[in-house]
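Next come two complexes, and both contain chain A; in the first it sits with chain B, in the second with chain C.
This part shows the complex of A and B:
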């Protein structure tokens, strides 16, 4: 069930009505019923994977709660010893839960990729043997709900909060419907109390929710789906285009990806807000990033935070990394010696984030690209500082910040060649073509009008992107726009809803021939 | 102990004024990479065992909080 479909809007409308007329004690059950309905309609039998994950993390939570509870049965001074006594059991529970979910995720998402990768090797040593391929359907938003659920188990292990003892309530946390398509990856202690809260109908929540969702639909339908036409035309057959047209296609892919993903998240957060639920932010104006590391802190924030808390910290502070640190401090010394283990852990995390995007050599290369640049910038930080000092560059000067933003955009732009090209080697060829054979006149000789969009569409995209950038610039400078809107009168507040709606009607829904509707991150 | 800690902090993050900042995490001044470097140094130089469970904002927002964590783990 796509967010842009009429059936989704009907489901949301019905759920909102039933949610607020139902007895408050059972409001969470309405959300659960709507979530299961959403998943069953959109994913059919794959809803079983949701139950599987919910069951594994529910059982793990109860077991961890049992072991954690042992410390409360003894005097304070013995608690540490008791926790140590049960540490191995607790670790085993976490390990088993991670394996139970991530092995399944591997089979669903990566098995066929590795099977195809290793088949030539099998052919060589075992003639005629065939690695079986998986025909399992990829469940909707599988990595999102699995990451969110495993995060819950690790937090219970760390004693951050007690486990949820009501299976159905935990199931709702796992499958809350607005975030099942593309996240955000929420944390239990932030989301669960909101899901189970009892609420009255609130005008502000409804208004904020609709405003945010309308903004999301505008970004998705007017910008992203329109830009997708150019992207698909160029990327389906890049060999037919010059370097400048390929770059034009990749630029439109950047626009499409941002409109699609951030628009989808705005819809998700807007719909959740209708129920008074404030979901985690997933974007903080990534276009204003001053470095690639900064970009990844602003883009898909909840995935980055998940990786930081559950993978980067445990890895960087693990015993092997501690030993490595001791060796590098001794052998290399100085800042470089201290930073090498952290840089290695950073590289691994960005590599994993790359692979998380999909089972393909392109994503492995994408992870390598991001990991290498961020690691190199860490290792060379001292040199950069020395150069800046020598050239008397003021870090805070506006021109230097503009330079940093443009440099980051360029690095991200190059990375997008890798993720959108049909194959990794094609991406390399495309980059080569862009710089060696650009044929710049194609940008103004009418070639762009052969890519599936007319002049009016380009004008709509240009104006829409300018509106989006202006809004983001305002947010970057002054904070939340809704708070500024709130100070305005009733008319202005509702114009903020009606104008995007009108734009959608004129340039989105009415141009149904350009609508692709599916979200790119849905496949992740 | 505080002098040693201050030395570690200023060596790891020379651009941060640890004397005055009291919202190092909440204001996004200390990033995850800085935290890992600081913790690795504390473990190595001060011989204190700090685990992943200790990496919460309440322990790293100011020098005093970091010092309290180190002293708690040392005892």
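This part shows the complex of A and C:
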């Protein structure tokens, strides 16, 4: 069920009404019912995977709770010893839960990719053998709900909070419907209390929810869906376009991706807000990032945070990395020796983030690209500072910030070649074409009007992107826009309702496709 | 404003805008998906979405029909007129552009379950083996939820939340509507078929001219399609389902396979094509027109894929066994599992008919007045006229009448070896005094196009004092008709007026006055046709008046179409040149060219013209 479908809006509307009419004690059950309905309509039988994950993490939570509870039964001074005693069991529970979920995730999402990758090898050594392929349907939002659920188990293991004992409540945490499609990946201690809370109707929540969702729809249907036309045209057949047109296509892909993803998240957060729930922010104006690392702190924040908390720290603080640190400090010494283990862990994280995006060589390359650049900048940080000092560059100068932002945008832009090209090698070819055979006149000789969009569409995209950037710039500089808006008079506030609605209607919702009679009729 | 007020304002604004848009779209309904409320314009709505708009149309009109022919755009070329005649039924043409067989099956099921159906014909085109259950997002291709069984909420919301500019365009187009179809109203709502008035009023003849006018036949667009096993299986399944349903309900069921243009076919793998058609025979026997000599003749096609209505007529005549209609011998075979293999082996070899076999070059000579004093525009001396006729006779030419041409084109009758058509415009007395005896003497014949209002005017133009070149009377006309030498046909009753001699506004030719409404014009022309016909038939024994020479040669599509509607199936211009008649294509008899003969045209020149006509 797409966010842009009428049925989604109807589901949300019904759920909101029922939610506030229902007895407060059971409000969370309304959310659960809506979530299951949403998943069943959108994912059909794959809802079983949701139950599977919920069941594994529920059981794991109870077990961990049981072991954690042991320490409360003994005097304070013995607690450490008791924890130590059960550490193995607790670790086993976590390991088992991770395996139960990630192995399934692997089979669902990555098996066919690896099977195809290794088939040539099998052909060579076991003649005629065929690695069986999986024909399982990929469940909706599987990466999101599994990561979110496993995070819960690790937190319970760490004793951050007690486990949830009501299975249905935990199930709601696993499958809360607004975030099923594209996240964000929430944390149990932040989301769960909000999900289970009892609420009175609060008009401010409704208002903020609607405003945020409308902003999201604007980015999604007015900007992203329009930009997608150009992207699909160019990327379906990049070989027929010059370097500048390929770059144009990739630029539109950047616009599409940001509009679609951040717009989707805004819709998600807006819808959650209707129920008084504040979901974690997933984007913080990534276009204003000053470095690639900064970009990843502002883009898909909850994924980065998950990786940091549940992968980076455990990895960086693990014994093998401790040992590695000792060796590098001894052998290489200095600052470099100190940061090598951190850099390695960083590299691994970005590599995993790359693979998280999908089963394809392109994503592996994408992980490699991000990991390498961020690691390199970590390793070369000292040198940079020295150069900057020498050139008397003021870090805080506006022009330097602008330079940094543009540099980051360029690196991100290049990275997008890799993720959107039909194949990895095509991406390399596309980058080469962009710089070696750009054929710049294509940008103004009318070629861009053959990519599926008319002049009006380009004007709409241009103006919309400018509005989006202006809004983000305002947020970056001054903070929340709606507070400024609330201070205005009725007319301005009403226009702030009317104009967005009209924009959404005219440039997104209302359909105007008419068939060319030339095509159907050929002048009989 | 506080949050509560904001929410109320927000929803009030949505309701206000939404109601406006929904109301407007519902009322104007450009795609014809809502019941017949508001602005009704079925031919426009069918153009926008034939699937839904026809279902809407039939809700009010189903009682007028008892039989249906269903399929993709080629279905349109099976004229309901002939279907009604041959099947003694009242057919509706359910052509839906781009229809796959699932669309056809769903539509057939809907019609059978909801309305009276006596005959059901399904047209299968090669593309039905390429795509099945072809989902297209465009609003022009959506099937009514009543037919498809899909969620009506999703369907209607698409049309309610339509860009109001689309609805607005319908209102604008309504003001631009003309009698002849334009891009926005290509359907004829009453028959359900495409309205082909314009293309069927164009002259067709010479192959080179046709290819120059429609270059797609020369530079044929590459076809990137192939037979798809799933599509074949789907089509066969759907046909079987319709067959069973018809059997169960006692409905006469028939499948026809539309002609496919040869070059289009050549892009497909022949074995797969043959396999598809052969397997279709095992589901139901059917009339196959897909591949034959017709497929190899561009003039039988409107464009690179759509065959002409006249070809559809031939196909239906073949099915009905109507011997009076010309049909190429290899066109149309009833295919059963027994003869399928043999039929397609032959069909594969199909080639265009020899020009000798289905075309004839016919020169037409145009005379006006004969007088001792000839001129170099419209008058010839009796001596020269006689010399010319004698020379033609000598050279072996046989004069033929327009009826002979009609018989050649429509019935496949033969023409003499060297045919020539001799015509006289205006009906001058000199035709009677000089031409008639000479023609009689040489055993030739001719057609005289008389202006009804001036027949018998020997001294004055109508009832004025203006002198006029004398015109013969109906008695004289009768004498000529009796001889069999002359046929009297139309030069309009009174649409060849002399502006200077008319008190009111003159009609110098049959074209519409610029400031005249189409309706008034068509009424005027129709009345003139009736008067002319009445005058000739009442005053002579001429069997029928169906041939017309345009006054001054002036003609356009609207005039030609109106004439056709009034039963004029042969028309002449004054454009010099030869005519190529094509068997099976009545359009080769309209707007025919003529060589103007006067005193300055030598005998040799006439002989050269008529022989050039023979290639």
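Basically, the second predicted complex is superposed on the first by the 502 of 524 C-alpha atoms of A that agree within 3 Å, B and C clash if a C-alpha of one lies under 4 Å from a C-alpha of the other, contacts with A are read in each partner's own complex, and residues count from 1 in each chain.
Heads up, the rule we're going with is that a residue touches a chain if its C-beta (ideal position, glycine included) is under 8 Å from a C-beta of that chain, and two chains touch if they have at least 3 such contacts.
Because the structure is a prediction, the values reported are computed rather than measured.
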item	value
Touching partner for A:502 - first (chain B), second (chain C), both, neither	second
Greater residue coverage of chain A in the superposed arrangement, chain B or chain C	C
Partner chain in contact with A:207 - chain B first, chain C second, else both or neither	second
Chain B versus chain C as contact partner of A:490, first or second or both or neither	second
Touched partner set for A:7, first chain B, second chain C, both or neither	second
Shared contact residues on chain A - chain B and chain C	none
Chain A residues touching chain B - in the complex, by the definition given at the top	158-159, 293, 297, 308-309, 312-314, 316-317, 321-322, 325-326, 329, 335, 338-339, 341-342, 345-346, 378
Interface residues, chain B side, partner chain A - complex	11-12, 31-33, 35-37, 39-41, 43-44, 50-53, 55
Complex contact set, residues of chain A against chain C	6-7, 202-204, 206-207, 210, 490, 493-494, 497-498, 501-502, 505-506, 509-515, 517-518, 520-524
In the complex with chain A, residue positions of chain C that touch it	1-4, 6-7, 9-10, 13-14, 17, 21, 47-48, 73, 97-98, 137-141, 153-154, 157-158, 161-166, 169, 181, 183-184, 186, 194-196, 198-199, 302-303, 306
